[in-house]
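Okay, structure first, notes after.
The first chain written gets the first letter, and so on, giving A, B, C and D; residue counts start at 1 in each chain.
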Amino acid sequence: MEEIVIKFVGRKPSLKNPILIEGLPGIGNVGKLAVEHLIENIGAKKFVEIYSKDFPPQVFINSDGTIKLVNNELYYWKAKSRNQRDLILLTGDYQGLSSSGQYELADSILKIARDYNVKQIFTLGGYGLGREVKEPHVLGAATSKKLVSKMKKYGVVFRENEPGGGIIGASGLLLGLGKLYGIEGVCLMGETPGYLVDPKSAKAVLVVLSKALNIDVDLTELERKAKEIELIAQQLRSLEEGLRKSKEDLSYIG
Amino acid sequence: MEEIVIKFVGRKPSLKNPILIEGLPGIGNVGKLAVEHLIENIGAKKFVEIYSKDFPPQVFINSDGTIKLVNNELYYWKAKSRNQRDLILLTGDYQGLSSSGQYELADSILKIARDYNVKQIFTLGGYGLGREVKEPHVLGAATSKKLVSKMKKYGVVFRENEPGGGIIGASGLLLGLGKLYGIEGVCLMGETPGYLVDPKSAKAVLVVLSKALNIDVDLTELERKAKEIELIAQQLRSLEEGLRKSKEDLSYIG
Amino acid sequence: MEEIVIKFVGRKPSLKNPILIEGLPGIGNVGKLAVEHLIENIGAKKFVEIYSKDFPPQVFINSDGTIKLVNNELYYWKAKSRNQRDLILLTGDYQGLSSSGQYELADSILKIARDYNVKQIFTLGGYGLGREVKEPHVLGAATSKKLVSKMKKYGVVFRENEPGGGIIGASGLLLGLGKLYGIEGVCLMGETPGYLVDPKSAKAVLVVLSKALNIDVDLTELERKAKEIELIAQQLRSLEEGLRKSKEDLSYIG
Amino acid sequence: MEEIVIKFVGRKPSLKNPILIEGLPGIGNVGKLAVEHLIENIGAKKFVEIYSKDFPPQVFINSDGTIKLVNNELYYWKAKSRNQRDLILLTGDYQGLSSSGQYELADSILKIARDYNVKQIFTLGGYGLGREVKEPHVLGAATSKKLVSKMKKYGVVFRENEPGGGIIGASGLLLGLGKLYGIEGVCLMGETPGYLVDPKSAKAVLVVLSKALNIDVDLTELERKAKEIELIAQQLRSLEEGLRKSKEDLSYIG
């Protein structure tokens, strides 16, 4: 069996210098939330399924009782106006389990990207702060100084030595390996506590991305999800607060 | 050395559109118990031994002092009447140790299955509930809605979002990869506490499977084993109960 | 780089149906001690060095400051009389780190063995009992019933279901894979506490082996080492005894 | 994707029997500190970037917001006088994550070395003592007795059975595999506590190396860094001392 199995679904689309946008599971699931929202909102269509021996040996069960082997998927969207660009969108159930598998997957995706003449990549992810975030900034990193300047105009924040550990996983590799292949790229990282899935951070990332892509994205659904998560977070906090107080009371009595 | 070594034993059987049935070690060993019982009961014959670098580097010692390298094995059985189908049965000592090895093994087995023109797979396993199970249901998942409907008629239960984590290991992979190869499949999962090997759950799975295959299977041996295990389980429970009471008594005295 | 690098040292020896004897690191280091003693005692000569990516990335430093990349090695010995057989002896610094690497190594060694027309293998190891052993028995396992009978004559003990977990590592794999290649084999396991290296157990194994091979082996050096280890074991035991008593005294006073 | 990607940067230099010098991350980062200092001090130029699937899937972010895929790098330097030799210097962000990956990397580097007709290697590293080191000695190991004698003249210390565990990682493998390829080599290990990065130990190593290479190396920058680290170490020690005293006081009061 091949390390990675690429399966085209339906007719191969004809795309004009598309931009590749990645959002796979990660911190706060920010990237995956953002790209899945984008796919649904603009009506992108699946055209590639990617299977790998480095994904878990697992199938999911759909609500109708049918199964789905875990994978990554590519969607495409064709530009509606002159100031837009065709898009390829990458999302999926997992990132590779091993370092080696992650390199293989990024490499395979870049090869498809090159076949479609992709010259630019956006990778989306979360930047975990380990604390509450009122208004998440979107931090950036890019393959060239020119792109850094360009991104600053869209409100992307570039802070020296942040994130300190660099970027780990597909969001980093697609830029790093892509650069070797001569493909430019930007990573957009929404600040997030990192404890729960974070639609608020995903929204912040999409606000920046929609400017860069000249695409109107309806964000109400993400805002609704963000409120749900905020509610859950509040309940968790009051629960913790309650526990803390009980302990204080007990130690007082004791 | 090849990743996987396929060794045919004796003459290759000639089979007509056989159905593949898998039962490898897993939760409650339900699948392995079921398939091994079936093999013995219908008198299926071994025709393939499968060795893999992803199995542990281990030999077992038979009661006569001879050794056996750990493996997976395929057995075949030829239909006795018109409303039956030829069978290939898969069982073995281990599943692959790594994710990659599990994909390789499933892929190798599917290649043999394709050579024999297999169009349908049943994978058997346990669904661990972590609690006592009076009368185990048999949960299902399948590669198509049509198969889901068909299986419901045999008493298979399809519950939305169960099992929540999907199906992990060979039982899932054979269906997931099989689907990519155009082979239909069903996974039958017997409910089980999951603590001990569970012949009762294996019996429940075989009751469903024997209906689907139009095969009479004598289940008395599994029932006998189920009673043995039930006895062991009762002894463990009364032991726990005893321990719990001793603690209560001590805390009362103390 | 190849998975495994086979390097012949000096001229390839010409051997007549040699017997392969394996003794690699393992429980009580019994197998390695036995084979290394045998190599030295009969004056066997190194003719192959085996390097593998599955050994640790490590060099040892010799007493003269020079380095040695960790490896496995093959030695040969030519029969001195008609009732003896030529020998190939395998020992080394490590077994493979991964399951896959262990299969590769065993397979590579068997390929060399086949080139030399090896028809029989002895693998040597320890059987860890986790308790003191006065007079270690030598347990056995073999690739055929005929060999089991033959070995019983040399005092080898075959106990049903012992060792319970079978044989793990090179001692098992060389027999298991060897059997697939049509090579007969016996594993001799000296009983050992398993805590310390165990020359006494290695001696017991060599007593059996020397009978099977019709070779006189001077065991005084192993007996000397066994006495050293026995002394260390006694010191450890009296240390433990002392600690235990101190605790009792303290609890009495307290 | 290849296991390892070798990317030449700019024109391939023409070098005359260069010496290879390795300094990758390790204990006290001694080797990496030494080689990076040497590269900067003699003005060596990068000519090869080495990427590997066995490095972490990670990019670093430069201070200007651009990214860098983690790698190893080769630099070259051309001799300025007759009694000097051309140099190839190896440093990098990581060593391989797995044993197998480390062998692959060492092998790839040795293949480049052979293409450049390298006949001698120096590998640099730290020897962790787990205690304070006033004046670090430089311990050695080499591929031949002749080199051992030669190195003693430069003040390198050879102690029997030290380091006890041999040399692990690239510093060991380049010598061990190099020896198989007929390349001579020396490992220089600076004594170090091993807790913090250790420029003092790196300096000691460079003092020896500069003699062996007939190169003047300005060590003031390393001395400056060593003073910084010494300050940090003192602060840590007084912090620990303070903690220890507080505990004593408390136990006195208590």
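Keep this in mind: contacts are C-beta pairs under 8 Å (C-beta built on N, C-alpha and C of every residue); 3 or more make two chains touch, one makes a residue touch a chain.
Note that this is a predicted model, so its numbers are computed, not measured.
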item	value
Fitting subunit B to subunit C on CA atoms, where both chains share a sequence, rotation angle to nearest 5 degrees	90
Same-residue or different-residue interface between subunit A and subunit D, half as cut-off	different
Where subunit A and subunit D are represented by their mean Cα positions, the distance between them in whole Å	38
Subunit B and subunit D: spacing of chain centres that average the CA atoms, whole Å	53
Per-residue overlap in subunit B, given as positions that touch at least 2 other chains	none
Set of all touching chain pairs, with the criterion as stated earlier	A-B, A-D, B-C, C-D
Residue ranges of subunit A touching subunit B (in the complex, touch as defined)	1, 5, 7, 51, 53-61, 63-70, 97, 101
Complex contact set, residues of subunit A against subunit D	96, 99-100, 102-104, 106-108, 140-145, 148, 158, 160-163, 165-170, 172-173, 175-177, 179-180, 187
